[in-house]
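Input: one structure, supplied below.
As written, the chain order gives the labels A, B, C and D, with residue 1 at the start of each chain.
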Amino acid sequence: MKIGFIGLGRMGAGIASNIVRAGHDVIVWNRSREALLPLEELGAKTAGEPREALQGDVLISMLANDDAFHSVGLDGPLLADAAKSLVHVNTSTISVDFARHLAAAHAAHNVAYVAATVFGRADVAAAGKLTVAAAGARAAVERVDPVLRIMGQHVFFVGEAPEKANIVKVAGNLMLATVIESFGEAFALVRKAGIDPEAFYDVVTSGLFAAPAYKGYGRLILDQAYEPPGFTLKLGLKDVDFALAAGHELNVPLPLGSLLRDHFLEAIAKGFAEKDWVSMAEVSAEHAGLGKEGRA
Amino acid sequence: MKIGFIGLGRMGAGIASNIVRAGHDVIVWNRSREALLPLEELGAKTAGEPREALQGDVLISMLANDDAFHSVGLDGPLLADAAKSLVHVNTSTISVDFARHLAAAHAAHNVAYVAATVFGRADVAAAGKLTVAAAGARAAVERVDPVLRIMGQHVFFVGEAPEKANIVKVAGNLMLATVIESFGEAFALVRKAGIDPEAFYDVVTSGLFAAPAYKGYGRLILDQAYEPPGFTLKLGLKDVDFALAAGHELNVPLPLGSLLRDHFLEAIAKGFAEKDWVSMAEVSAEHAGLGKEGRA
Amino acid sequence: MKIGFIGLGRMGAGIASNIVRAGHDVIVWNRSREALLPLEELGAKTAGEPREALQGDVLISMLANDDAFHSVGLDGPLLADAAKSLVHVNTSTISVDFARHLAAAHAAHNVAYVAATVFGRADVAAAGKLTVAAAGARAAVERVDPVLRIMGQHVFFVGEAPEKANIVKVAGNLMLATVIESFGEAFALVRKAGIDPEAFYDVVTSGLFAAPAYKGYGRLILDQAYEPPGFTLKLGLKDVDFALAAGHELNVPLPLGSLLRDHFLEAIAKGFAEKDWVSMAEVSAEHAGLGKEGRA
Amino acid sequence: MKIGFIGLGRMGAGIASNIVRAGHDVIVWNRSREALLPLEELGAKTAGEPREALQGDVLISMLANDDAFHSVGLDGPLLADAAKSLVHVNTSTISVDFARHLAAAHAAHNVAYVAATVFGRADVAAAGKLTVAAAGARAAVERVDPVLRIMGQHVFFVGEAPEKANIVKVAGNLMLATVIESFGEAFALVRKAGIDPEAFYDVVTSGLFAAPAYKGYGRLILDQAYEPPGFTLKLGLKDVDFALAAGHELNVPLPLGSLLRDHFLEAIAKGFAEKDWVSMAEVSAEHAGLGKEGRA
């Protein structure tokens, strides 16, 4: 297929590389030009302007936030230039509200639109092992299915309204952030009881929590490996805010989201905004009166 | 080894059976006599009185609560009758406070005491795949290590003070209960957005949360498989209370524990005390205004 | 003084009436014309267009929300028509973010701007007994001081940046909403213990809580006097959202705000959006398994 | 009347003095003898042993905790020596569970028992302006009514089961502790916005919150007047624990209680156990990243 790709951040670069390697005819665009080089080396074409990426069968976008969509024009103007048969596959993590806005903009310009949100960090993206939640008109989702299966091992259809993929993403991220809080409190308790948190980590991750989220986050917290961040605490708060906003709109109280929001704000107030979001666990340690000197 | 076993509930029966099958010389005691039959068939002896179970190399106890220890006499009187070389391996889930009391009672009677708390439900116990957190004097723990390895695939030493195994247990259970709340809120959000919760379950358990705790609890919640209970909500609250009590004593705030406690109390106020503890997820659904008719 | 007044809702009507009665030369404007009549009878002139209200010494606005400012033009265009010496006194409850936007718009049009937020319900406004928190350039605040003292018994200067009056308002409202939650939980506890909540109300409001907020809200909750609403639950949630947004911007965790938000959302999910905001207390009763039949 | 009085702490001394001044025939007992002197000067007799205080018409007790009752013998043995017509009026703040235990002990010894819990600090007690919540058999409560009216300006009957007075007390204390949290969060927000918290205090306490609890606690927090403590944070946590325990027994979730408990524990972990309980407000400031240097 002829595939355009806009947004070569850490996640996007991995996904795009896999699509090029799978033999598709890929044209990439990115605001900063240096991100284009590795893709070019793999065999991708580079677009001089974003609109060139909308002339094929599929456009994949992986942008950081609403502003990025706006500055590229993907929330409207650029859509007027899209190829008639184009399906836009948006993999970005955005608010449910903006997701709805984008879906409406595509409908207005008659451009097929699929939201395909992804779970997994950059290394998982590079390995083509993301989990993908796709939503949109069935015909459009089916058309892009081969591409989704290059991104991820597991691809699930979650509804015809594109925003549903975004709600799945924010709900899943809420569960992920909860793992950090969960470890934060448990580590604080065992540390204050004089138990080696490494031993506790071994116990809980050997059986019931033998899952990547627990093994990975627990390890990072134990090592206080907060820099460089895999995902910043500031962006983590944004994700929690997305979940709370979705809950607000639908009148769904999310007390875990409320707790996480408060702890993220506290972590930011204490200077952790640009550190890895697992550093939120320091909040629980600090509340228990544990200083860094207390690390086992 | 010559091993006594007291407490043949659902967990205890599975553990004891594996120890008999492993070829040890086992004598079992249980308040209700009918639980003894299956063990007898496997080749275990049955004790007429609890004290007979304290005459070998190891005594393993798996009792439901403090009262059970008291009525058997394992919190004191019975210890006077123990064989000189006996090591008591207590696998019961008890409060940290009572754990300390038991350790002191054993010290007073000069009986070696190891706390070996276990993670996993009855089916995992029967399969010999529990995770075991053991604490006690190193020599004693080493002596019983072969037995601990029959109970569980993963055995970890978490400290010399026996109560540390109990703290690991209550901290781990807090993390487990959090999984229920986490699913409860996420399911409420996606259901109210008109998303099939089955699809959401598939997304989150396929990758990051591909762990038994998530797959098992999520499945039970989706199926509303609350009866018969694998573990009652009332006992779940008791475990959360244990964690909060440990946090109280050590001045460790546990806001997740507080949230869980409030939701367990609400679930009990609404009649779920004897249902499976995953039914706490109904609280989140109910707060969002979702009735049972709303189940996707 | 020559005073314009825009916004004759329940609060605005009371304030405007007092200003007319105090002998000022008042011209009023309101979207719905029928609200003008009582003011006219008191001696106020009525404006055909909003701009007529900006030609005197002072403009007082009491509008419901951001949209109302926008549709009237008070967030920009209308300011170009203001008398040179005009001081705009904005008494509306708005978000801190919008407050900052309004201050900037006034600065851009060289119109003096004072935020004077008020505490008290409509009956208190009508009695001229509001508490007023005023912020803005000192000279401007001093100029309008006589008018502020007609509105309220107690007038406090809280800073030179107008938004500070809005922050005081949202922080105060957070404390007010907390009173509802506080009664909600306490009433649930005593009712479930078989104690007459009227007796409990008498105990707590006779001494330590002998304050209007407690006497008033407690009474309304006891009587379940939720309709007609003095202040709707939906607007109550908006106020809590304002506080949370201010906290978010300043990195101040507000766990009471988070709790209130969750309970307001639940109340709305259960159909209380248009009832008085004290009806949030029903959430606590319901969590305790108390039905309406349980009212003492 | 002939009145015995046991427990001359800060609260008890004030109450006892008023009863002596009112002309009753009072005999006092206290563990530490020096507290007896001021009462003797006022005209009270002093008892050599607690039992002498149980020989009149009324015994009033004001003891610090369960242990004090036990060491005096008022939870049983001493009751065997009581005058036949004695009514014991217990004004102590104790757990609901222990309250029930005491009521049963009195019933077993055929001693009339009234729980009369009081609201107000030591200065209010000395002024005879406490609020009193009394519970017990109506005849007994009526008999001691003249004495209750010496203690407090406001006396309310809250039920025939004595424990009801204790539940009213713990529920009221929960509301009081909430005021501290409420100010803590609001002060953190306004301080971080650069607003003088004194101005905020003036605004909120001038009207809606013109109640002793707010004026007093807000003032103490603004002045960081944490030492000497009027009431220690450690005792404050005990009161919150009493409320949570009552809620647990009755299946009433108390999320405010949970939040307070977590913040009290954090304050204790940070060294505030023996400071005034209003110092809990420092927790909110600290979460917002405000150091003491930030005090306006």
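The rule is short, and it goes like this: a residue touches a chain if its C-beta (ideal position, glycine included) is under 8 Å from a C-beta of that chain, and two chains touch if they have at least 3 such contacts.
Every value quoted in this text rests on a predicted model; they were computed, and no experiment measured them.
A.B. asks: Could you tell me which chain lies farthest from chain A when each chain's centre is the average position of its Cα atoms?
C.D. replies: D
A.B. asks: Taking contacts as defined above, which has more of them, C-D or B-D?
C.D. replies: C-D is joined by more C-beta pairs in contact.
A.B. asks: If you average the CA atoms of chain B and of chain D, how many Å lie between those two points?
C.D. replies: Once rounded, the distance between the two centres reads 40 Å.
A.B. asks: Any idea how many Å lie between the Cα centroids of chain B and chain C?
C.D. replies: Their C-alpha centroids are separated by 53 Å.
A.B. asks: Quick check: how many Å separate the C-alpha centres of chain C and chain D?
C.D. replies: So the centroids are 36 Å from each other.
A.B. asks: Among the residues of chain B, pick out those that touch two or more other chains and give their numbers.
C.D. replies: Residues 247, 251-255, 259, 262, 266, 269, 287-289 of chain B each touch two or more of the other chains.
A.B. asks: Report the residues of chain D in contact with chain C in the complex, numbered from low to high.
C.D. replies: Against chain C, the touching part of chain D is residues 119-120, 124, 129-131, 133, 153-154, 156-159, 161, 163-164, 167-168, 170-172, 174-176, 178, 181-183, 185-186, 188-190, 192-196, 199-200, 202-204, 206-214, 243, 246-247, 250-257, 259, 284, 287-289.
A.B. asks: Could you please specify the touching residues of chain C with respect to chain A in the complex?
C.D. replies: 241, 247-248, 251-255, 258-259, 261-263, 265-266, 268-269
A.B. asks: What residues on chain D touch chain A, complex-wise?
C.D. replies: 262, 266, 269-271, 287-289
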